[in-house]
Structures are given as C-alpha cells and as structure tokens.
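The chains carry the letters A, B, C and D, assigned in the order they are written, with residues numbered from 1 in each.
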Amino acid sequence: MTEKPKLGVYICHCGINIASTVDVEAVTEFAKGLPNVIVARNYAYMCSDPGQLLIKNDIKEEGVNRVVVASCSPRMHEPTFRKALQEAGLNPFFLEMANIREHCSWVHGDREEATAKARRLVAAAVAKVRQLEPLEEREVDAEPAALVIGGGIAGIQAALDIADAGFKVYLVEKTPSVGGRMAQLDKTFPTLDCSACILTPKMVDTASHPNIQLMTYSEVEEVSGYIGNFDVKVRKKARYVDFDKCTGCGECAAACRMANRIPNEFDAGMGKRSAIYLPFPQAVPAKYTIDPENCLYLTRGKCGKGPKCAEVCRAGAINFEQQDEIVEFKVGAIVVATGFDVFEARKKPEYGYADYPNVITGLEMERLVSASGPTGGQIKIKVEDEEIVPKEIAFIQCVGSRDKSVGNEYCSRVCCMYTAKQAHLVKDKIPDANVRVYYMDVRAFGKGFEEFYDRVRREGIHYIRGNPSEIFKRGSKLVIKVEDTLTATPMEDEVDLVVLAVGLEPRQDVRKIIDLLRLSQSPDLFFLEAHPKLRPVDTATDGVFLAGCCQGPKDIPDTVAQAKGAASSAMIPLARGKVKIGAQVATVNENTCRGCGFCVEICPYSAIELVAVNRFGHPVQVARVNEALCKGCGSCSAGCLSDSIQPKSFRDRQILPQIAALGVMR
Amino acid sequence: MDLEKLRKTAAEIVSRDDVKYLIGWRPGSFGYRVSPCFVQDAAGAEELIFSPLCASNLATYLTLVEKLPVPRGEEPDRRKVALLVKGCDSRAVVQLLVEKGIEREQVILVGLPCRGVVDLNLLQQKYPEGLEKGELSWQEGGFQLIRNGETATIPREEILAEKCRLCRYPNPVLSDVTIGDPVEPWETEADRGVEELEQKSVEERWDYWEEQFSKCIRCYSCRNACPLCYCDDCILDRLNPIWINRAVNFSENTAFHLARAFHLGGRCAECGECERACPMNIPLGKLNRKLAKEVREKYGYEAGVDPEAKPFLASYNPNDPEEFIL
Amino acid sequence: MSAMLLNKDQWSAFVGKLAGEKKVWAPVKRGDIMRFEPLEEGAVPSLDFANTTVPPKTVVFPQTETLYRYRIGQAELAVPVLEGEAVLLGVRPCDARAMSIVQKLFRWDVDDPYYLKRREAATLVGLACSAPGTNCFCTSVGGGPASTEGLDLLMTDLGESYLLEALTDKGKALLEAAQDLLQEAPAGAVQEKEKVVGAAEKAIARSVDTTGIPQGLPGLWEHPLWQRTAAGCLGCGTCTFLCPTCHCFDIQDEVEGFEGRRCRMWDSCMFAEYTLHASGHNPRPTRRERTRNRINHKYNYFVQKFDVIACVGCGRCVNLCPVNIDLVEILRQVKEAL
Amino acid sequence: MSESFEPNIVAFLCNWCSYAGADLAGTSRVQYPANINVIRVMCSGRVNPLFVMNALQQGADGVLVSGCHPGDCHYMEGNFYARRRLGMLKDLMEFVGIDPRRFHMSWVSASEGHKWKEVVQKTVDDAREAGPFQGFRRRQIDW
C-alpha cells in the first residue's frame, strides 16, 4: 500500500517576477485548503539553496511525501527540484510543477486574473501529484565502442578522437577511400594551407590506428538497439580485389581496357579513370577497387580474351568471385558524419551550366586549380576546340543558396570565402586576368575572413553587387546579364569563364540514414540536432551524434570542432560504461491488454512488441515495452483502445484529475 | 436461398472433430424474430435459416465467449468456430483479423451473399399483427411475405434496413465456403440519415442528439452487440481512472456515446448492430457511419475489407488532412 | 365515492386538476419509445399505448440518485432533499404490482429511506389493459389486465369515458379533489368494465404454467438449458433495466476535481462486473450463470423469501431483447425439464 | 452572450515544441488572455481524444491541443497520430452539434512565442463567442 499523500505546496516569488503579478500569499492560502495539503509556503526564490531547504526540511520533519512547486517552467527547474527531493530522501518523481511564471505572471498583466489562474494551475498540480507514483531510473552496461558513419574530415576527426581515448571505433565509409570533400579541395581559406597536406596524415592515421577498424567501400545496413547497445550490420561491398594482396601498384588501372574512359568522381567528373581504380593518388587505403558498373568483365561477363587487370596483377589480387560481406558488431554510440552534396547547378538553367562547358562549379574550379587535378593545376579552358588560358573570369555567388526558387533558403556559409580564395588563386596563376565576383552580400564572419576578403580585393578582384539574371553565348564569349545594384546600372559582361559558387545540400540519399537511425530533418533538410543551441551535436535518438555538414553547411574548422564535440559526447556513455534508462516510460497492464498491436504499429522507436503469455491457461498475446528504447512520448497510450499501455507520470489517471481540477476551478 | 445446401454444409462442418460449433440463425420465438443458434451436431443444422430477417451479426459471438481459467493439466479448447457471414458480418471478421482479435485458423466462414435484410421496426409497422409465424424471403425487387397462407409482396425500399441501402459489400469479403451466387452490388444512395443531420445547424444537431442521448438507459447493448467492441475490460466500465461515471444522465450518456463512436472510428464494419440492439431506438449507426464516411472520404481508408491492412488508428499519412489546424 | 365516471372530454381538465396540486408523471412519447416523465405545464398525456418502454419504477427508484455530496478531505456531508408528492398517471396494473413486490424487498431487513419515502409520496393511478401487448403474460404470474395491487386508483377505458375506481384513501382523495369533473358511475359501468377486462384477458396470447417452477429450479442448477439459453446472450442490461421488478443497485463515489458525491444507480446481474470481486474472482463467470441467476432470482429466491414471483409478466424483456432471449420460452423449457 | 463571460480553456501542449513556445512567449513577455490553462504532456500524440471530451464534460468551454509542426515532432511521428485522431474527433463532435469553435488544434514550435499568443487569442475569442458550454457539462445535470 502506498502511503497516504501528504502534500507540500511551495509558491515561488521569483523575486518580483511572479510576486509582482500574482498574489502569492493568496495562492498559498488557497493551496492550504486543497485536499491532502499539509504545508503550503511561499518564498522569494524556491530554486535557491534556502528555498530548496524549505522543501527538504518539510520532507524530513513534516513528513511531506508529495511536492508541488509553483514557480517557473518545469523545463527550467524540474531537475533542480527533483534533486532536492532526492536529497531529502523522497522519490524524485513525487514532484509536480505549476508554471506560474512563463505561463502566468509574465504573460498576464491583470493581478486578479493572474492570481486566479495561478490558483487553477496549483490546483491542477495538486490533483496530479496525488496520483503520481515513485519511479526509478535504471542503468545498463554500455558497449565501449563507437560507429562513425562517413570518412570525411568530420568522421576522421571523430574516429581519431574516440580511438585516442582508448575505445574501439568502426569507421564506415561508402567510397573506396576516406578523405571526403576535403580531399578534393586545393587550398583552404583563409589561410591558404594545402588541403591535402593537412588532411592526408589524418587519413593515414585512421588506417593505422590500432583502435580503428576502417571499413571503406562499405555501407551501414541496419542499426537496432539503443544507446549503449546498438547492434550494427555493415555491408562491405565486394571490391573484386583481394584487400590483403593488393599492393596498390596501379598496373591494373593502366592496363584496364576502360582506362581513361570513365569520368572520375574525385575530379568532379573532369578527369578520367579506369574501371579498376584508386579514387585519387593519396587514397587511404591505397587499395584498388573495381567499379562494377563500368567493368566490362562484370557487366558483360567478357573482357577481351580475359580481364587485363588480372593478367597484369603480379600479386594475384583480382578476384571476380568476391561477394559482399556482412559484418556485425555492437557499439555504444554512433557519430553520423555523412557530409553534403554540392548544389546541382542544372537547377538554375539561366546560368547555362548544362549548355556551356565554360560555366563551371566551384568544386570543378577546385579541381582545376589543384596540382593533383585533371590539368595539373593549370587553368585552361577550351574555346572552339582551342585550349586557351581564360583572361576574363567571373564568379557568381549564392548559386543554390539563399534562393527560395530552388528551395534553399539557407546560406551555405562557405561560398563567399571559397570564391574569394579561388579568385585569389586565379589571380595568382593568371596575373593578367580580369577577375570579378557577382555577389548579393559578402559574409566574411569567421576568424580571418574579413581580412582575407580585404586582401583579395586589394589584389584587384572586382566585387560587383548584383545577381546575374542570365548567361548566354555571344561568339566565343559568355555574356552575363546583370544589374549592378549599387549603381542601378544594367550591364552585359563578356567573359571567358564563369564559376558558379554552388552551395551545399544534404546528401541525395539522406533518407537512408534517417530510416536507419530514426533521425529527423530540419526545414533545410539537413539532419536535425536535438536542440539548436544547447545540444547541437546530439539528435533525438539517444547515443546518435552529428558531425560536420550533414547537420548543416560549415567550413573545415567548424566541422572539426563539431566532430570533436560529437566524439566527446559519444564517449560519455562509453567512458561511463553505463547508460541511464529513463524512468518515465510506458508500461503495459497485461491483464487488460488485448494484444491488438496498435501500440506496436504506433511506436516510432520500435520499443513495443507482442509477446505470448499464458492467461489462466489460455495463450494470449500482449504488448511489452522495452524500457531502454521507450522515450515516454505516450503516443501508444492515446492509441490504445483499452488504455492498457500508459506512460508513467503521464497516465490517464494522472491527467484526468488535472483536467477536472482546471474545469472545476473556473 | 438454397437452405438445403446451407444445412448440408453446416452439418458437414459441425461433424468435423476440429470444430466446436457453428453459429447461425434459427427462427425466433415470436413475431418476426430470429434467434442466433449454436449448432453442435448435424441434427442441429436442420434448424438453420437464412432470410431477410437474419439481420444480426454473429461475428459478435467470436469474442463474446468468456475464457474461463483452464484447470491445471488441461489444454484450452482450441477447436474452430464456424460462422455464417453476410457481407457486413464478414467485414467485422476481417477487422477482427486486422486487430488480431481472432486468428484466421480459428474460424471457418460460411459466406452468404446477401440482398439486404429488413428493418424489423418498419416491417412491424407495416404488418403489425406479426404474431403468426410468417415467412419472409427475397424476391425480385423486394420481399415476399407469407402469413396465414397469404402471400404479400413488399417493395424493397419500404422495409429494407438503412445499413443495407448503403451497403457496398453485399458479398462476403472473406469466406471459406460460399453458399449461393454472388449478388450484384446495388447502386447505393447517399447516406440520407447522416446527410440530413449534416445539413442542419450545429444547434439543431445538438438538439437532435440531446433528445436521443437522454433516452439512453446505458444497458450497453450497443457495445455488447458490436462485434468490434470486445475489450475484456472496457475503459468505460473502469473505476480507475473513471472516464465516464456510472450515473445515467444526459452528461454521462453523451460522453459514453461519443467515446463509443470514437473508439469505432476507422474500425466500424457498418453492420448496424448497435442501433438494432438499442432498446431505446437511438440511431447510433449514424454516428458510426458518419465517422466511416469521413475516414473513407478524407483518409481513403475503409475498415474491414483487407485483412492485411494496417489499423486506421495505428497508422498515419504525412498528408492527412489538416485544414482544421490553426 | 369509490367508482366514478370521467367523460373523456373532461380528461384534460382532470389532468390539469391533478397537476395543480402535485407533480404529475405520465407516459410521454420520445420518438419510438415511451417513458414516464413529469408532465409539462398544460400538457395532456395520451393513454393510447400498450405499455411504456421504460417501466414507471424510474419515478420511485430513479436510475441514478445522489445519496449525499461531499468535498474531499472535509467531513461535512450534504444530503439532498427528496421531492414532494407525486401522481403517476397511467400506470399499467402489472407495473403497479411490480412496485408492491419490490417494496417488500426495500422494507425487508432495513428500511430503504430513499425508496420508501418516494413510494409513500406517490399516488398511483392505474390504467386497466384493454389491448394487451404481444408478449404480455401477466395472468400466468398472478396478475391480470385489471389487477389492483399497488394501485390507488384504477382507470378503465369504457370508450366514451373512463371508469375511475378508488382503491385506497389516496385514490379517494384524488377523486374528491376532482369531484366536480366526475359523475357517479352507473351500475352498468362496472359490468362494462368486466367485459373489457375479460376480453383483454382472452387476448393475452402467451402463457406459462408456473406451478412447480419455484420448487423445481434448484434441481435444474446444472441443466444444459442454461448454457443453451445463454449462448446467444449479449450480456447487456436491457432485460433487467427495463424490468419493473428488477431493483438491484450499485453504490459509487463519483468525484470531479476535489468534490464528490455518493450515489446509487441501477445495476444489472447480467453484467460481468455485478459479481466481480476485488480479487478478480467472479463467482458468476459466464453468461450462463448470470442467466440462471436472473431466472432463479425471480422465480425461486424471491419466492422463497417473500412468497411471490418477482415477475409480473409485462413482457418487456421478451420484447426488447436484441437476440430474442424469451423468458416465456425459458420457463417453458424449465417446466419441461422438471 | 453576456459581455462578462470569460471562457475556461484547457490546453494540452507537447513538452518540446508548444510548451516551449509558450515558455518563450513568457520570457518574451508576450501578453495574452489568462483564460488558457495548460496541461503539459510529452507529445501531442499522448493526447487521448477522450481527454478533449472529458475536459468539456468537466467544465472547459474550449479545448486546445498543440504540438510540433508536421515533421518536427520530437518523437518523429506523434503529431501525425494526434492529427489523425483529433481530426476524427472534431468531425464527430461537430456532428453531434458541439460548436466547432470549442475545439482547436495548432502547431506551435518552440520558437513561435508570438504564434502561441495568436493561437491562444483565437481559441479564447472563439470560445467566448460560442458562450458558456452548457452541452453535456456534468455539473449541470443532477450533481
């Protein structure tokens, strides 16, 4: 039998925040008259130590066993008061808060009305607290390992940090090499470090780190379980090359019948590769992969008299019989670092990206200026079959960003600066070039950004404020139609090369990860963090963290910072070795459950299953909740026709009295 | 209607070792009444009838049977139950399958294509002196009534039950054996009862239901007759928490009927048992049909037609209507 | 002044006279159903009915009544004041008989103040049956179309006029109050009444010989007829709630917010919860036991205790059962099984 | 309707969006009518439609249910279930003649303090216009 409820009601003045609008004395007197209330007090700051002491003393000395605090939002101080209850030896879930600040004193001016409402809210809290039950948070062991999805700089950094702390890391990368977008970049802004120079050592580390199991050319197939105990299935796609035997010599690629015929993804399609390939020279692991979509032997079953690659491979590494492999393991936390895609410039047909070869994207420019790129770092374009060095070069900013017409309202944050950097590089390589940048606003907000922007302008780059309306061809030139909005002059600008500063977008296959990990998207369709301010690396799924551009556009330092943040958050359960299981979870009355399975269908966390039980000799199905997976949302409960499943602390028998109190107290 | 075939089939079924009994209809004790009957053996099958008077939905009995504690060492009776089903009855069975209320292998469905049953009240109004055991059967365009050796023809629309006017599934949607040829589904009219109310003002609707609900004596026949109200422990009976007080007055009655109708939203098989059973003649079917109509028109969902369907209340469509949201 | 004649054209004046002094309850048609309701001012009840759907027991034994009100945590109770005197107009003899049967129980070990006060404050004006309903069988259980038991005044429809026979002082008082509207009944009137009643008795189509049933029922405890009968039962409360002699009630506390009331309401032995113990055990676990109990209560236990069958043959349970569970039919089977 | 009638509104708010939005209205000192009384639930999906009926029966003149915008639910899908269930309830209540102005549902995000105010204003205004709820209020009948 539970003890008879003895209620303590505590009304906070919050300085004058509450007391100036709500007559706290009157509310206190009112509370004294409510059933089971044995103490009602008010105090200047209930959350302060002396305020909490009032509660603790009453619990110890007066035998108060249920507490109502009428103060600010429970979203603010519920943990504070729960802790106070616990410290006084009372179950922390015997607390109910009445929000008489945010929902009352701050939003209502009339003292009489606000006081009346405070009374109602206190009455409702009293009605509910009488029905509350003691709950306990439990702990289960956490697997001391992490999964990192994505091998770009974010994933690499997160994996290295977690591995350095001594935990096992599974780093899963979809493509044959780690490195990601950063590996494609030439120099980084605003410092102009060589991107590859700073990235490759980290790439090598991921492969050699004793705590990291690197799985490239692999994809996560299935994730089940919950924080501390995720079961992961990874598909290691067949490379058709024996990973251990391949020495990375590259003779196979040279011999391949498809050599130099397949657009190279790494060079943004500007360079060509073979069907057996290394994505780029510094790729990690330096192991070759056969592209099954382009390999003649794999697509047609025939490659000349026999596959050339196999012929030339002295290590005997080519194996066309290889199959995909499923690897299963357990982790305690997951970092998602799946990166971004660049905006598809064809979606802005007025810029002629699809029509004119000399309209290129920023990423293509990046490869063009890179010493490892398809032109060896020389900026050359073709005009009427003649290769020339462009002299008139225009950059257009905000292509696919800040643009409602293509559905992207957000700023991609990196384009202003990468444009400035590329303009600088162009000027560096072609000193007599005329370079101009068409922009809407220049956003140079980061460390050293404004200085860099200034420097670039001093180097003779023209910034023209205007959003080009059209690009068309006139003779051998491209004409940009634009209005200089600072001088209100419509103009036509004849150029050799146009670089579109394309923005960043979520990955095309983002849905897959969403379904895998039960993530949400923000309106910009990037992954949604648990809280935009205070939990920027967390997600609504406990134990799953976000790093890098999959959460929203950011530059390299921000990405690395977030990756480090995600890594350290992921390490919390790993380091503790335990995870807490929420107390406010759903529970089933197996006597009344009729096993219809509505709740099973409804639960977004797959936390409920039907199990067979014996009811007085009859085999029946009833719902059962996996408390580790349940988040206590209660959607199951409202869908249950026999009200057999109930979220603790928000049971029908706890909410109905609240409703009644609010109704009766009109 | 080939009664002989029905009785023969039923006799065969109940003679099987794995069949507990067959639930069908037999003539009632007075007037036009028909009684449910539980056929245990081949001889019992001779009582069976199927006529336009067989309005009741026998699927109710699938979940009504109490499950008593099984004595230690004994096994529960897992024999099958055979059931005669009209179109609407079979929808209830399908919905029960969707909700895992019964197992498919536990039932044998004898499907009976149905040309519509009669509204007993309408029939009685027309031929009140129904004491003599008459015989009512289907005939082209309506019904044929034989009483005291006299034969009368009653046009279909005069006594056809409301639920049958609107019936879209005169043939069983699920059955193991079917007796009789499939019936050509008829042109259904709009649901006049519901539409008339829809066209009224909010106040008029309230007045209408106020009178109806105030008649209720809370005998729970509507709930008990409903094949889809089968919780062992109905929340409307529960004492902790109390959703609805046991007091019988207009307030609690209204709450009861709203809750009952709501709980059948997206589940109702439109068999009309609730209003047929009501001793106070409250047109409860209107509430259910209204919701069924909304569910069909707004959400494109129909209960009790596909045993593989997801339950309406346990699913959603991201594009569900939301004009009502502020 | 014991037999008077009321010309039908004086009917509304007569009702008006009664209504002037006391609260008058009379049958009112609500859609397809009929029940006793307080007569609205100026309304004239029609007496053209076989019987009401809901028996007049509701007037003295409301389906729900408040015993007292309270506030949680406080000791004071507020007891409602019962209403004053009432006249029930147009009570069928079977329903009046039912009240006198039920009264035996409410007067039994403890007097039930709520019931008895209401009952004492009520004057029952009966209406003899001239056209019995389909399933009437009052004559089989000790009643008849003009049974006077429980009535204060009996009215019989003689075509042009009503014959009013006072049976008690309360009835006489009513007649006296309406004296100027009445005339002394001629000698032929009573004979005419006998004719009407006799015809009505003949028109009763259903019957059962109850002899031996009360004594025989205990022996049929495990008889398969109960299972057979109950198989089709839906377990609803129609038969019991609409039965004029069913009198079971439940007492519940109903709380709203911090206030509550203790009230009693009809209960039905056909509901599973009726006998459900707090432990979860139910001594009448299935509809079989409940059906058996219903018959036994009326035809066995009540007879043992009060020497009268607690069934007046009004036929409501037969008429209104949604699955045609027929009391007369059950009794016939009982008889057969004896 | 008398000028002085002040409706009593019971509102069910999800913890993550609407309750937080109402908190934001508070911290922003947005002023709105005091008629609204909030019951916090974790998700709008928790709101059993029978709560709405129960609130009207127990003395509310109007009921509001508010949750996250579609796609923003903290629990991913709860608000979709809420929308379907409560949409159906609204149809049912209107059909029995309960003034549609007495029940509203809204999507208010944690950042929409001002929208919260508008929603409250609309709910209160509507209930005020609809007048005191007689309907099937428990206390009016034999209590």
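Rule of thumb we're sticking to: a contact is a pair of C-beta atoms (placed from the backbone, for glycine too) under 8 Å apart; a residue touches a chain by one contact, two chains touch by 3 or more.
Worth saying up front: this structure is predicted, and the values here are computed from it rather than measured.
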item: Greatest separation from chain B - chain, by CA centre; value: A
item: Selected interface, B-D versus A-C, where C-beta contact pairs are more numerous; value: B-D
item: Centre-of-Cα separation between chain C and chain A, whole angstrom; value: 72
item: Inter-chain centre distance, chain B versus chain D - centres from mean C-alpha coordinates, in Å; value: 36
item: Where chain A and chain B are represented by their mean Cα positions, the distance between them in whole Å; value: 51
item: Distance between chain centroids, defined by C-alpha means - chain B, chain C (Å); value: 31
item: Overlap residues in chain C, where contacts from two or more other chains coincide; value: 64, 255-257
item: Residue numbers of chain A (touch at least two other chains); value: 602, 639, 643, 652, 656-657, 660, 663-664
item: Residues of chain D whose C-beta touches two or more other chains; value: 49, 54, 58, 71, 77, 81, 85, 138, 142
item: Residues of chain A that touch chain B when the two form their complex; value: 591-592, 594-602, 610, 615-619, 621, 639, 641-643, 651-653, 656-657
item: Touching residues (chain side chain D, partner chain A) in the complex; value: 8, 10, 15, 19-20, 22-23, 25-27, 29-34, 37-43, 45-49, 51, 54-55, 58-60, 71-78, 81-82, 85
item: Contacting residues of chain D [partner chain B, same complex]; value: 49-50, 53-54, 57, 70-71, 77, 80-81, 83-85, 87-100, 104-107, 119, 122-123, 135-138, 140-142
item: Chain D residues within the chain C interface of the complex; value: 58, 138-139, 142-143
item: Partner chain B, residues of chain C touching it in the complex; value: 30-33, 35, 53-54, 63-64, 134-135, 205-206, 228, 231-232, 234-238, 241-242, 250, 252, 254-255, 263, 265-266, 268, 271-273, 285-287, 318, 320, 322-326, 328-329
